[in-house]
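Order of writing sets the labels: A, B and C. Residues in every chain begin at 1.
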Amino acid sequence: MTAPEVWRIARENARLVGYRCTQCGWVAFPERKRVCKRCRAAPADFEEVKLKPYGQVLSYVVQHRLPAGFETPLPLAVVELADGPRVYGHLVECAPEDVEVGMEVEADLRVMYEENGARVYSYKFRPRSLEPSRGGS
Amino acid sequence: MAQLVGYGVYIPRLRLAAAEIHAAWGRAGGRGEKAVVPPDEDPLTMGVKAAQAALAQAGVEGQQLNTVLAASTSTGYAEGALAAPLAYHLGAEGDVLVGDFGLSARSATAAIRAAMNALISGRGEYGLVVAAEKLIAEPGSSYELSYAGGAGALLFASQGQGGFAEIVGFAAHTSGFVGRSRREGRFHGLVDERFVMQQFLAHTQGAVERLLDTTGITREEVTHIVVQAPEGRWAARALKKLGIPPERLASTFPQVGYAGSASLLIDLAWALERSNPGDLIVAVSFGPGGSDALAVRVTKPPPGADVEAQLQRRERVSYPVYLRYLGLLGGERR
Amino acid sequence: MAEGLRGKAAIVGAGMIRFGELYDRSLEDMIEGAYLNALQSVDKGLDPQEIEAAWLGTVYPVGGNSGVVLGHATGLFEIPITRVENACATGSDAFRQACLAVASGVYDLVLVVGAEKMHDEPGGLIQRADVKKLWMGRGVTMPAFFGLRATAYMEKYGISREQIALVSVKNHKNGARYPYAHLKVECSLEDVLNASYVSYPLGLYDCCPVTDGAAALLVCSAKIAKRYTDDPVYVLGSGLATESFVRGGDLTSFPATKRAAQQAYEMAGITPEDVDVAEIHDCFSITELISYEDLGFAEPGRGARLLEEGIVELEGEKPINPSGGLLAKGHPLGATGVAQLVELYEQLRGEAGPVQVKDPEIALQHNIGIGRFATGSVGCVHILGREP
């Protein structure tokens, strides 16, 4: 994504902010919407939600073939955040053989890629720890 | 003076054993290990995590921050702010004073002093100081045994906000000495380490003695001392020179290695985690330009943290993987 | 109530080239080949001058971002040519547009070509995984997108890797006999299970190859079909839908397929039981299994039974993918949907040679596309019959 593309979702991406449709409860993330993708309300009323930085693995794969820039084997999951949004998540600090459907994971800020020499940040996911005072809580 | 209301660290879980480095270069022996920063972490990601831990500990929200100061010598950018994006990730924006401190491993203490000044001068209620580093040493060089990464954060509040500790003294010892330095995009140049150690001892001693003189604190009152030392044995030498017993040293060097400006905050957090009301912690930095020393008086039981837990949470990496992770093995694939 | 398509459009000519790694043929060479084969397949002959409009389905920008490349390949310059792109369902959608055009009465005879020159794009599909994307499918290869379904499907229904692998065994067996297939190698269950992982739980034989290819169809108004052949194939129904997993639902089905199938069945006035033969989207083994259920051929979680009981084998009650499917025939993105239709045209006319199934009357074609950086999908379904 180019710098303007990243800037357009900077707040949502950096702080995990979503928008909940007051009609059906669906949460838009990381995009700010005026129509609801689920119930088709147009225009819909959205309320801002500070997303809890954790969720559950809905499904996963372990990728063995990837373009340069990714470490393999790479566990990749569809994560459903506790507040509802579904996102793709690369799993870190987790051995591929330990990933399970239903596993609890938490968001972990990482460098995703570089664009024109500037690092672009977003979240990967790691197995959720219940230790106190770790980041992101 | 300013109150300390929170502290936090982020220590990467990957560790490389010194013996593994020695073995790779055909040398025997080696004690301890160092923290290895994974390829998708940098001073910003680590700094944010350390800061979030400090905020969570204090129950303060990111948007309550009025001042965010960051120290690092290893962001990799000649231009490219650290403090502002860090503040933004935490939830702070708008009328937030941000400042980047760098170009010397000493700069964490300068950031602490500047944050205190901001609070004292009435700039809001909360000031955050973060130091984060990802040091990369030339493979095969002696610096490779210690250069590591990590982050630490201190959250200060203005007088009247409560807190479990306060800064009760600050002293600088500045000279024209440079010592270790690094040009953009290069590794640190190797210098005469006997000479650097001599200057390290002189500057740390100068700063601590000035601190004791100006505050009236005696050596006996110092329950923990943090010495930011780029080499494992140097801190003990500094204590000997200062006349402070070696068991008072609070150092994560054997587990973490040397994380530049972040080492000072990580070790300070480790000391805080183990301190009790009435304890007095002295911390002294060192880098190009000299040293600063500060005294922290613990007034209430410090809230729990996970410094020790992070020290224990470790996963060994091999030397080739370490080289690959730091981009020293060539190629694009991590 | 809208009238729908049934009995309004017919296929009177179909041709394709053998799929494969066609390093010696350009995109235009391939289109030219498919076009000539389609022209020559018309029983009573057809003058290119009669073609009034054309649609080209292609995804990669190898031929430039317009339909003009089709003019260059065929010489059909003076007529409208429109390029269609809708992810891996591109070819099917091109055909759909052509059907709508003749059904509307605007044109009598049109050309549809689907083509993809995948080997002129460096890196192949794996390299096309987005590296510089946030949240939307960063590093999500197609084997990962479908592998995520496989994991969810296995977890929900207690289905084994072996059961999924039966799809690969069947399709490679069919492909080995199909004249136009890219891969003509049979594989055993052990081969599938022992192959290296591409994206766990999917291994090499669970994935379609990277293939070049082109296919073409001549579509006309049903009213004039007999002018070209005594055995036209009629379009009975057409459906297309889009969906995204971010809206909800579990990951064990493709709602876009369900909706598209529902539209097509209703338009055709048939039920899944009426389908005699089908070409369905098996970019990965799991996709075929899930699609059995989405298309109504099996209850949810019961798709593997069709394989275990031989129902979907070439000689079974409901043969599926006699061509070897995408797994064996190959999956040149834009060409795929059109090639599926070419195959079914031959099946319904009894011309499918070594893979001919027994006396089919009604055929179903199904194509899936993944779009918007692996967060959305397209499903397209067509139903063809020997009678209008």
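Please note the rule applied: a contact is a pair of C-beta atoms (placed from the backbone, for glycine too) under 8 Å apart; a residue touches a chain by one contact, two chains touch by 3 or more.
Note that the structure is predicted; figures quoted are calculated from it, not measured.
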Drawing the touching chains as a network, do you get a line, a ring, a star, a complete graph or other? line
Min distance from chain CA centroid to global CA centroid: chain A
I'd like to verify one number: the distance from the centre of chain A to the centre of chain B, where each centre is the average of its C-alpha atoms, in whole angstrom. 30
Note: chain C sits from chain B at a C-alpha centroid distance in Å of 60
Check: chain A positions touching at least 2 other chains come out as 69-70, 112
Multi-partner residues in chain B (2 or more other chains touched) are none
Contacting residues of chain A [partner chain B, same complex]: 10, 14-15, 68-71, 92-93, 109-112, 118-119, 121, 124, 131-137
Chain A to chain C touching residues, read off their complex: 1, 6, 9, 13, 26, 29-30, 37-38, 58-67, 69-70, 73-74, 76-78, 85-88, 90, 96, 101, 112-113, 115, 120, 122
Report the residues of chain B in contact with chain A in the complex, numbered from low to high. 8, 10, 13, 38-42, 44-45, 48-53, 56-57, 80, 85, 88-89, 91, 304-306, 309, 315, 331-334
Residue numbers of chain C touching chain A in their complex, please. 123, 126-127, 129, 131-141, 143-144, 147-152, 155, 196-202, 244-248, 250-251, 374
